[in-house]
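In what follows, subunit A forms one complex with subunit B and a second complex with subunit C.
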Partner chain A sequence: MASTSSKKAYIATRVRNYLAAFAAILAVNFAIPRVMPGDPTTRFVGPGFTAEARQQLLQEFGLNRPLWEQFLLYLTNIFTGDFGVSFARYPTPVMELIVERLPRTLYLMGASVTISVVIGIPLGAFAAWNFGEREDLITTQSSLFFRSIPTFWLAILLVFVFGYLIPIFPISGATGSANHPSFIAYFVDLTYHTVLPVVTMSAYFLAGYTFLMRGSLLDILPENYIKIAESKGLSERQVLFGHAVPPAFPPVLTQLGFQIGRLAGGAVLVETVFSYPGMGQLMFEAVLARDYPVIQATFFFLAIMVLGSMFLAEILYTIIDPRIGGSE
Partner chain B sequence: MSQQHYDDGDEQMSTAKESIDEGSSRRFDRFRSFLRDFLTNRKGFAGTLLLGAVVFISVAAPLIAPYDPEAYGVGPALAAPSFEHLLGTDDLGRDVLSRFFYGGRISLLVGVVSGVVATLVATLIGVPAGYYRGRVGRWITTAIDMSLVFPPFVLVVVFAAYAGSSVWNIILILSLLSWPIPARTIKAKTLSVRENDFVESTQALGASDLRIMRQEVLPNILPVVFANGILQMVYTILMEAAVGFLGLGDTARISWGTMLYFAQKQGALSSGAWWWMILPGFGIVLAAFSFILVGSALDEVLNPRLQRRTWGDD
Partner chain C sequence: MSKQIQERSADTAGALLSVQNLSTYYSEDETDVPVRAVDGVNFEIARGETYGLVGESGCGKSTLGLSLIRALPPQGDIVDGEIRFEGREIGQLPKSEVKDVQWADISMIYQGAQNAFNPVKTVGDQIREPLRVHNIVPEGERERRVRELLEKVNLQPDVAEQYPHELSGGMKQRAAIAMAIACEPDLLIADEPTTALDVIVQAEVLNMLQQLQDDLNFGMLVISHNLAAIMKLSDRIGVMYGGKIVESAPAETLYDAPEHPYTALLLQSLIDPRRPPDQVETIEGTPPDLRDPPSGCRFAGRCPLATEQCRDMEPPLEVVGEAHEAACFHHEEVSEL
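Let's turn to the complex of A and B:
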């Protein structure tokens, strides 16, 4: 009884913090185009717009009204999904671009995280189990090395190798054809096109999780209950995966949540090199074209994606970590 | 074994001179034994050598560069490596090796300065977050957690779009955006130091919070702060390179990132000019790898086993 209520209290605090973070994203996103040097109206009205369109947009965003009214209008627009009109692709609504791109980036990031975790966690456990031996040295030193390779440079190298030397994987785009007979055909095509981007993104994070898991497990291994499990005559594998890995995993998961912000940055670079039409590429193109409404919306959604993923990681953490609120 | 004897000898000597300068001699001994541990650490040794090489080529660039890095047409355009141009030339006939030597300067400048500033900010925020119990601590922690939701690199790109990106703008942005993760680490370490008896006894003596943080907490967390700061530079070096690669950096200055930007833009790979793409990337890897080796060696030497306790502190 008591344990479930403290778990509830814990979750309530966390949810409150996430709501506060959401408010912070809304505020920062509102502030950025208004506090930066230059004429703020140029951030909402494109250079080639007719006087009529200009007037309509000024009206829509309330740019000629007091700041608090602008903020209310901004909130209303966001909650009704109105992010204005793209300058570069006038008159496409920004929301239309986002809806098209967002799932692709989610897929790219999701696949990369999954691969990093599925390979990195056992690899880190393997290194910790062989602490100080050759297997451990090779694993840790190569993960430090992979951690120092710039994501975009690895992407370029992969494009060079697979685009020019051994052309077996596509080096650009998200799909080969525009029409697919079924969702499965689309999914297969998408997966084939994302092999190289996912490998690029995974390399950096895989190395990170390997290192984190190793460190976390090295903290657990000297504990008494591991020695007891060993002395009971359990096999190495049973001790490692049955007793040592479960308590070592939650801290890694927490850290994983923090690093998702870096994952979003990685998406900008990887999507740009591989011409993958996702949120990152959309944002970069918008930056080059000074397409301010698109910049603002992509930033907003990338930040929301990071927030959502952190929240997800935290929920998982709460479910699997027996220390929070006590078990049973 | 022999090290043990050495230490004992030093100990006796310092006892003999105790009345003269006990403090400074102790400190010197501690520094010497730290240096010995650090350089006998495999990563520490390799990292120091690599870092030395990177610093050397950056500082000595004017002396060792065979050509003026900015001069056009010192050779034919896109010439493959030869004896005249050891690493070939770019599309404007500039010497790639000379540009490579100069390119490290911006990487090191941006990486080191913004790493230092970010670590200072992280310390100023992380220490009170861990020191104050109750409402104040919780508020600061919430602020740190909220800052984590803003993806730093994405924000750098956004700022570059609005504010332009001189080298100092990039340093400013990187410093202001990359403190939250180290701040959490520092907070966690402060929490554990705070539980120690000497902190509580100083409190009982009526020392002010500021004084305790400065005189009791800070010296004890300094090793963590230091190792973290070096590792932070790995991240800022990689970010600077990425900003340069996207063409959002100061394209008038030579940096490894902007070299790659121009190479990519001019289709270096499709025209087969691999030498133009390989070397700058290699420079970034070298710089980042040397910092990561030095940082993790420092971590092992200064913070034996405690570093790993720095997460999951809620």
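Let's turn to the complex of A and C:
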């Protein structure tokens, strides 16, 4: 195939760009605590530390050495997964906190991405297919509602309705008990506890996908190849999902990449409102406590997640849409 | 098998396709004044015959084609008349009940082959699709059939693995033809098959359609505003104006002795490369508003022969010669135009 080599070139360009972005993240993450006003030493070493602990940490992070040596040490530490120890939870290593919290946040994000995509896209397709009809009107109006209400307000509303008026869902925590007989029991408990946070995080994006898919399809439905697909004797469902949705998908994929980025920010809010012990809550608490090593590590991981998801979206483009990467 | 039986009965019945008093209107909803895009049209096509439909943009010729294959947009409705295909009425049935006829028996080359193919699927997949939907060829042989079809339209069989954006305009048009004949239909509708192609490719496409018709013996409805293309392909030509067929005759008769003033003026507006463009004839005025067509002859407003009678009464389509019909009160004066 003629386009295979240009496709490789496209992917190679993306890999280069994302490596550059990754390098920039490393540099900024290194610089932030050091350019903040005041002595960087006090930022990295908690005020309540003993003299030995302070010396030991200064030694370990090389905070008394020249900047370039600090940078090399910083890189070594990152690539060995050593983010130092938390000030607020001294002497727990930051990595230990991340390992405990990250899967919970990933679960929250994964669930809300899945729900918003799996419901939002068919809903948008349904609205576009019934363009101008009552079905379309109801779908767009309700999507507009969920797209417009502030996330924190929806979160509080959900807590009030389902935690207080009709208390059927837990409003805080990740699980009900600390010990579970099996992974399945843990998963069920986790899912039950995350119903409200996941609904909160999904609503905005679900509505976004609905609008995006609807708009994208309205451009595509008048195309000849859709009329031809209809004339071939295919059913409406086959025409819609087999012929119209695939070429309408790339813009949705872009949104998906962005969503994961916005979700990282959303996680801070939602996890705080629902007292969900994930990365977002960890970051929020770290900021309040000026727990710099934790702030630095959570920023780093969230940035990597956003970068990774955007990269994945760009690679998936080339699979979904053969026109992309064909002419570079 | 049932197809063979139907073919035999159709042969005895004469026409492959018989359209009686067909009317297709467009309206957004019930309260909307409908656009009478096709208004009481009659014609027949026999197996192996080509019927050409000419007329200006917006005269309803494409709507007529879409009515026949039952792929009208949601606003379009067949409000009256019948479409008899191989003896079976398919015009008034719900769309879901004509799916077996679509593409397998009646297929279509759509206007604008440039986007006849889904950009995210290979050309081969899209040609193969009707074979699968109508289960025409056993699954294992479909791949080979697709390659044969591509060779039939002078394309490399490897085009099957390519995506539409990798093909030139002429290649896409040929691939669209291959897709249209995939199930060896009995009736092929070609809507503007040469529009937007350069002249060399136009000639190629016209020759190809003729060749395929000789091989496969399908009836063909060619829709175009390009008179030259229509003349080349058609046995019989219908001239459409304002949603109605105003004249119908064998191709040569129509060219040599038109009996409707619109046809005569249309022929005069043909550009002859030897004539300087400033002498090209045009038809003054604009086509009628099909939401509120004039009560008399729809061409009266633009017609040099129009009289009081034309504005009051609608002229019926009458026999004016051998196999020749025209809807004009003054058809005897047309030769003087």
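Points to keep in mind about this one:
In the analysis below, the second predicted complex is superposed on the first by the 320 of 328 C-alpha atoms of A that agree within 3 Å, B and C clash if a C-alpha of one lies under 4 Å from a C-alpha of the other, contacts with A are read in each partner's own complex, and residues count from 1 in each chain.
Methods note: contacts are C-beta pairs under 8 Å (C-beta built on N, C-alpha and C of every residue); 3 or more make two chains touch, one makes a residue touch a chain.
This structure is a prediction, so every number in the text was calculated from the model and none was measured.
In this overlay on subunit A, subunit B fits alongside subunit C without clashing. Using the contact criterion defined above for the overlaid structures, shared-chain residue A:Gly110 touches neither subunit B nor subunit C, since it reaches no partner. Legend: residue contacts after superposition of the two complexes on their common chain; A:His243 is shown touching subunit C, with no touch to subunit B. After superposing the two complexes on chain A, the angle subtended at the C-alpha centre of subunit A by the centres of subunit B and subunit C comes to 70 degrees, rounded to the nearest 10.
Look at A:Ser231: by the touch rule set out above, it reaches subunit C but stays clear of subunit B. Judged by the touch definition given at the top, the superposed model places A:Pro93 against neither subunit B nor subunit C. When the two structures are aligned on the shared chain, A:Phe145 is found in touch with subunit B, with no touch to subunit C.
Within the superposed three-chain model, A:Gly261 lies in touch with subunit B and out of touch with subunit C [touch as defined at top].
Considering which of subunit B and subunit C touches more of subunit A, the answer is B.
In the superposition on chain A, A:Leu218 contacts subunit B only, with no contact to subunit C.
Between subunit B and subunit C, the shortest distance over C-alpha atoms in the superposed arrangement works out to 14 Å.
Common to the subunit B and subunit C interfaces on subunit A is no residue. Residues of subunit A touching subunit C in their complex: 1-3, 223-225, 227-235, 243, 246-247, 320-323, 326. Those residues of subunit B that touch subunit A in the complex are listed here as 43, 142, 145-146, 148-158, 160-163, 180-181, 184, 234, 238-239, 241-242, 245-248, 260, 264, 269-270, 274, 277, 281, 284-285, 288-289, 291-293, 296, 305, 307-309, 311-312. Looking at the complex, you find that subunit A touches subunit B at residues 17, 20-21, 24-25, 28, 32-33, 36-38, 141, 144-145, 147-153, 156-157, 159-160, 163-164, 215-216, 218-219, 250-251, 254-255, 258, 261-266, 268-269, 272-273, 283-284, 286-288, 290, 292, 295, 299, 302-303, 306-307, 310.
Listed in rising order, the residues of subunit C touching subunit A in the complex are 66, 69-71, 96, 99-104, 107-108, 110-113, 115-121, 126, 129-130, 133-134, 161, 163, 165-166, 179.
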